[in-house]
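Take a look at the structures listed below.
Both complexes below contain subunit A, partnered by subunit B and then by subunit C.
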Partner chain A sequence: MSADSGRVGARWSSIAARTAVVVAVLAGWEYLSASGSLDASSFPSMTDTMAELARQLVSADLWTALWHTVRGWATGLAIGASLAVLVGTLLGLNRFAYLSVIPVVEFLKTVPVIAILPLAIVVWGATLQMKVFLVAFGVFWPLTIQVIYGVRAVDPVVRDTAVVLRLRGVRRFVGVTLPSAAPFIATGLRVAAAVGLILTIIAELIGGAKGLGLSILTTVNAGPQRLPATYALILVTGVAGVVVTSAFARLERRVLHWHESQRNLAPTGV
Partner chain B sequence: MAGPDPSVAAAKRAGEPVLSVRTLAKAYDAGTSREKLAIAEVSFDVARGEFVCVVGPSGAGKTTLLRCLSGLLGPTSGEVRFEGTPLRAVPDRLSVVFQDYSRSLFPWLTVNRNVAVPLRVAGVGKQQREARIQEVLHAVRLGDVGRSYPWQLSGGMQQRVAIARALAQQPDMLLMDEPFASVDAQTRFDLEDLILEVRRELDITVVLVTHDIDEAVYLADRIVVLTGAPSRVQEIVDVPLERPRTQLGTRSSEAFGRLRRHLMELVTTSS
Partner chain C sequence: MSSGVTGAVALRWVWSNVWRLWFSAAVLVLWWVLSADSTSTFFPPLQRILERLHALWIVGDARSELWSSLGHFAVGYTVAGVVGVGVGALLWKFRRIGDAVSPVLYFVYVIPTAALLPAIVAIMGIGSAMKITIIVLAAVWPTMLNTLDGMRGVDPLKLDTAKVLHMSALRTVRTVVVPAAMPQVMAGLRHSLQVAVIMMVVSELIASQSGIGFFILEAQQRFAITEMWTGIIVLALVGSVLTVVFIAVERVVLAWYIGARAVERKG
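Presenting the complex of A and B:
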């Protein structure tokens, strides 16, 4: 009881502390622009930006742009992640395939996705497909490697136990290999989700596909009086990033509640 | 139920052994520059219903031996026969309890689901499965923990779950690798008595590996004493202590002391 109320208390004080920091940063921003330390032609005041943000939040344009961004991101992530889990599992389970293919995977992982952006633009133009391809490609390689390591990381005692319990084939894969690999896959997914969002915005900014990235570019091109809108949109992308990361962290905590790193943090759901 | 009648035990021993180990040798990384001989030459038999302990110093190759006996590891030379046929894989009527319960129990499954694994594999129906789970959890004296996760339990309780899961396989023979090495003394006594009871009730053959001489004397019908690595059989010692055994009575008996002393001599001279 007292331990519980202590935990609730700690939670409230951490929320209070974070709120205070946010307020302090916003106040500092306002102070700096009011005092003239921030050049008004490239850095609008906090209040102007917030007023613009409030206007944007009730306009359909922002929500349409957000929808385009989310759709491209989610589709690309889903495709890239599914392929990565499939390919990573096959490579992880087959030593020969692993040894043959791993140099290529390692190499392609290091190719900066930005380097293939022009190619994607040439092939697909400023379209959803271009965005989806870029995200799927960027997410696929690092996640594949993560899945391979996860599948190969089954503890030797767990492996012996599976043999002794006569777990074979699909039952063994679903019951032992996947749960053992899950912590690796979850970390990979969390990172992939964040990287995927960045790639989506880049595809829109540079490739010109519809979405938050393109909206930012449009407001920049519209001249200095649209500057608060630029900053408001940048804030929105930041918030989107935070939402995505914390959503995946929550998911991880739920699914991996049994894992050493997550124990006693979440309700077990039993 | 009283302990096994000595004349019956003798008759069983006269019959065909359940497990027969013949000039077993095991080298790791055989044929490479890192070749490491873990077992030099080990031979012994285990009769049906017998409780055999294998003792040896740390690093003697006990775990290696147990993995060879279970079919998890193939021998470099020599042979292991289970119920008359040479081992190729882990036989159906054999189960293993590993030393490290925190790794051998699946942390992503509740206790009930851990115990259910071998039952699902065997295709046991849902209702029968639940009955069996209750039965084996009761056999290891575990109360209402089925819905907990193994890591929410104490070490002693976790090892009970591991034993319950092994029993759910309805094995003829149970192999155990230092099963009580990482629990406190009191829990250890409880678990030793538990395994003796289970073995008597279910009439299974047990081979238990340990580095603890007292434990071996308390549990076993016979003790296979190994030398240090690479291991050989130093001596096979009969333990004619009467059953049922009790921690206080048996351990304070004169016969126990004599056996213990004999084994101490063997182990200290071997190293």
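Presenting the complex of A and C:
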């Protein structure tokens, strides 16, 4: 009972400490701009930024930009991830194909994705396709490698059981391969989702496609009086990042939880 | 063991690894053949790309762009690595402070660094300081978070044992903390490396007058597509070479760790 209340107390003091730090950072920001330590022409005050954020939140522009960003990100991620699962599974199931193709995949994985951006810009211009291509290309290689590892990591006992039970084709894929690869895919997806968001912003910022990245650039180019808007939009991309990361982390935890229970069962079975 | 046998073993090893390259070679040949008389503006013949690449990057003076980029990368990545490991270790050591600042750190971490780019340009101008800042701001996180995670994974029993044995703080770090956390610290540094390369290029794509990113973008804006391709290929090679170098270093570092573990087991 007392141990329980102690834990609750620790939890509350942790929440209090975290809140205090957040408040201190915001207050420190406001103090520094009010005292003139932060140059007003390059860094707006906290209250100005928050007021601008509140104004932006009820304006259609922000939501349109957010929608453009989310659409490019989600489409690119969906295309890249589906292709990665398909290609990764095929490569993971065939040793010959795996050994042959893996050097190319490993090489392309190390290529900085950003190298391909200027090519995408000349081919598609400042469009949604350009963004989607960059995101899909960027998430495809690392995710493919994750899927290959996952598919190849099938427990030998499970694999032999599937052979004995004559599971083949789709049933084997859905019942054996996919569950075994799921934790690897989940981890890969979490990383890919975050990387994809960064790539979307970069594509908008440099390629000029519509979205939060372009809005940030526009407000910077509009001069010092629009600076609060710049920082308000940066805060919005931060919140988008929080939403994306925590959503995929939650997904991963669910999948991994199941996976760990599987792994804990395995030793007792042997 | 006679040298003949070793030779045969070596030959078999080479063969078992070399045959796998057929697909990579096939891709290159296919690219060469399919693009041979390409009239597409965007996909010039591979032969012409390689000729330009030789003229520009091997005998030409485009290399100076590369050195300027790699200079920023080296400084930014080093700072990010040192700060990442240092702050990660401090956050682990001072748990309560680490817990209190975690929401703020997490928020800064998830902001796509590219979104900060225009703001940083507005504050710092377009010089080297801006580029290095961008690289550090983006690349510090994977190392910091992995260091923190790796150190959290240190067996508490071992730490308690070290305390009971009155080991000095330095010795505890060297014999208990480092061996346990090293693999994950290296994983973080590897991820940071990739991020640093990307941000090195991104920092040159906006308001810059030098660097390989600037070279590629400028070629694209002049519609000099062949030159743009040479930049892309050089950048791809630089990215892979850096990764290969890192893997080699990692093997040495973790070999020490594996060796230390083996000695521990024996002793």
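Everything that follows uses one rule, which is that the second predicted complex is superposed on the first by the 227 of 270 C-alpha atoms of A that agree within 3 Å, B and C clash if a C-alpha of one lies under 4 Å from a C-alpha of the other, contacts with A are read in each partner's own complex, and residues count from 1 in each chain.
Assume contacts are C-beta pairs under 8 Å (C-beta built on N, C-alpha and C of every residue); 3 or more make two chains touch, one makes a residue touch a chain.
The shown structure was predicted, so the numbers you read here are calculated from the model rather than taken from an experiment.
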Which of subunit B and subunit C A:V220 touches, first, second, both or neither: second
First, second, both or neither for A:V101, with subunit B first and subunit C second: second
First, second, both or neither for A:I201, with subunit B first and subunit C second: second
Winner by number of subunit A residues touched, once subunit B and subunit C are compared: C
Touching both subunit B and subunit C, residues of subunit A: none
Residues of subunit B defined as touching subunit A within the complex: 67, 70, 72, 90, 92, 95-96, 98, 100, 103-104, 106-108, 110, 117-118, 120-121, 147, 149, 151, 165, 169
Touch list for subunit C against partner subunit A, complex: 20-24, 27, 41-42, 96, 99-104, 106-108, 110-119, 121-123, 194, 197-198, 201-202, 205-206, 213, 216-217, 219-220, 223, 225, 228-229, 231-232, 235-236, 239-240, 242-244
Of all residues in subunit A, those that touch subunit B in their complex: 155, 157-158, 160-161, 163-167, 171, 175-176, 179, 182, 258-260, 263, 268, 270
Interfacial residue positions of subunit A with respect to subunit C in the complex: 14, 17-18, 20-22, 25, 39, 42-43, 99-104, 107, 110-119, 121-123, 194, 197-198, 201-202, 205-206, 212-213, 216-217, 220, 227, 230-231, 233-234, 237-238, 241-242, 244-245
